[in-house]
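To keep things clear, I will list the structure first and then write my remarks on it.
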Amino acid sequence: MLQKRLNQLKELLLTEAALVEDMLQKSIQGLLGKKIDILHEVIEEDEPTVNGLDIEIEKLCTQIIALYQPEAKLLRTILMIIKVNYDLERVGDHAVNIAQSAVDILPYEFKDVETIVKETAESALNMLQDSINAFIHEDTSLAKEVCERDEEVDRLRDKCIKKFTDLITHHPERSIVFAHLTRIVRSLERVADLATNIAEHALFMIKGEIIKHGQDERL
Amino acid sequence: MEDKILITEKLYAYYGEHCVLKDVNLEIPKFKITAIMGPSGCGKTTLLRCFNRLHELSPGGRIEGQIWLGKTNLLSLNPIMVRRKIGMVFQRPNPFPTMSIYDNVIAGYKLNGIKIKREEADQIVETSLKKAALWNEVKDFLHRKGTFLSGGQQQRLCIARALAMHPEALLLDEPTSALDPKSTAHIEELIIELKDSVTIVIVTHNIGQAGRVADYTAFLYLGELVEFGPTERLFTAPKDKRTEEYLSGKFG
Amino acid sequence: MKEIERNCKKRLFLNWFVQALVFVITGLSLVPLFFILFYLTKQGIGSVNWSFLTHLPRPVGESGGGVLNAIIGTLIIASLSTIMAIPIGVTAGIYLAEKKTGKLVHLLRLSTDILQSTPSIVLGVIAYLWIVKPAQSFSAFSGSVALAMMMLPTIVSSTEETLKLIPYTLKEASLALGVPYYRTVLKVILPSGISGILTGTLLGIARIAGETAPLLFTAFGSPYLNFNLFKPMNALPLVIFNYASSPYLEWWRQAWGASFILIVMVLCFNLLAKWGASKWKIKF
């Protein structure tokens, strides 16, 4: 019974993670490739699905805690799944934000910053994928590596925003594009933060170590 | 709608003048595990004993209301026939001390004087012990006394003894309260495996046990059925305040 | 501090003293027993030999002669009374253990207690009035009836006590399998209590084997080897009584021998009961 429920929970979490990754990928693709269909797909179809999964996972976690009073590793796993679930749902929200901005700036060109936006997006996406893999496969070293990569995305975001500000000063008529791009880059940076959180959750789940907020202590 | 196997209607149970169950209306679904929980003295064991009419044997024990076994009125049947259709396992393992493991399993036939062929008896013993997950442990000394087994094994022997009669329902009265955690886990696994072939009603004062094994849970308090529903629902969002308080350890 | 230390010493001494006292008194209680056994063996063993065990009594003056008829008589009378007492005693014991309360239970318990404390000679007189007088003849049968009455309370109470110790859960287990009540009692309760019942019976036999008084008016005694239950029959206690109260030295010697045999028999039954109690003990 417990095993059945745990398997079900893992399956749901994997589905959610895959879907959220997909959403992020699609909104970036839609942004760079000017594909309106997939952007609408993200906003109108994927987002409600993620919300449904989020509720489902939360319910299952509550049931497992209520019915089996898990302890030790199992307790940490369930608690961290609850947190990862929350983080993934937030990633989904950011993907929707990106998609919405992408729809708004669809008619405009921004070839001059495409590369750096793509770079930021890719490293955020990589972090997300790696953090989820670290969580699922309980890979400590990968999780630690993800945590360290957070600063890289921060750096990229700063670089982007600096570039956007420069361009706005020179081409005030394009400010709407850069305002949206700023929003997108901020979202990507938030995704990277959430990926870092997931990696931290993975570490706590595996070893019971809290390394959040720069602290490193055992529970 | 699932099939119901045991249904009580306006069931009242008494010990002499003392009323132990008040207006219990409960429908126990077929091939599911239903847990009856509640604080000590809430009448959960009495309710269980009403189902196989063992309650009538206690001094001053009597019931009012209706109990249905499927479509038949359980109270109109001969209690002896009821007990052959509904098996029971008790708090303390109680194999017959004078009988071997083999004889314990077919005790329901032997004691009732039901004649069965030797091969048939062998078959019943083997399948029942296999169902009770005891066969591998005892197959080499079936003719030793049942009381040589450990507590957990004895309890599984008692389950096998009840299963040998091919009951429609199996009543378990706190079957693990006298056992260590490991045997308890073993019995719980067994109970879950059994539900495909027999309806199980288990009385427990261990909330965790109800959570782990039961599909449905009934909460009894002071002889009243406070709440009945799917275990997940009852455990995560009880409708009645008393259930909530019991689950959070306020009483019991 | 000193106060406490002194107190402690006093208590330790008291403890030692009481222990020693108990030990000595226990030892004292064993003295008569060992004395009896020792004296009986010393006096009796000399007259016990193969011919003593296998020959019939001879008239006074003739040397030799044995107590074969008495040994066989004791065995027959004791067996017969056991056969009579067991069904009645066990049934009454089951009733007491199962019913527990009620008018009949109260009456039964009271009469068992009274029977237990009735002097054995009174039981002999009753058997005489019931059987010997109407039949116009002393008989082994009447002796067995008297002894059966003596055994009855032992069997009733040992059955009751044993069955009371059987866990109620065992009965429930049987009833829950749909076994009718009477079958539950016969096939589950009784077999589980068999060790206690048998032990009680053996102790009862040991008790009646040495009874003389009830036999004086009933079995009466006889110098012949007799297998007819409705004729007078000899028994060891009767031999001892008759020979010991006779004026002949040879018979006195034989009385010692018979006493020795009797006490060995009783001892055997006691040991058998003890051994049986542990051997047949049923683990719940």
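Chains here go by letter, A, B and C, matching the order in which they are written, and residues are numbered from 1 within each.
Everything below uses one rule, namely that a contact is a pair of C-beta atoms (placed from the backbone, for glycine too) under 8 Å apart; a residue touches a chain by one contact, two chains touch by 3 or more.
Quick caveat, the model's predicted, so the values are computed rather than measured.
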What is the minimum number of touch steps required to go from subunit A to subunit C?
2
Any idea which two chains share the most contacting C-beta pairs?
B-C
Name the most central chain, where centre means the mean of Cα atoms.
B
Would you kindly tell me how far, in whole Å, the mean C-alpha position of subunit C lies from that of subunit A?
92
Subunit A and subunit B: spacing of chain centres that average the CA atoms, whole Å
50
Counting only contacts in the complex, subunit C reaches subunit B at residues 167, 169-170, 172-180, 183-184, 187-188, 191-192, 194, 282-284
Subunit B-touching residues of subunit A, taken from the complex the two chains share
1-2, 59, 62-63, 66-69
In their complex, what parts of subunit B are in touch with subunit C?
52, 54, 57, 80-84, 87-88, 90-92, 94-98, 107-108, 110-113, 145, 147, 158, 161-162, 165
Touching residues on subunit B, where the partner in the complex is subunit A:
192, 208, 211-213, 231-232, 235-236
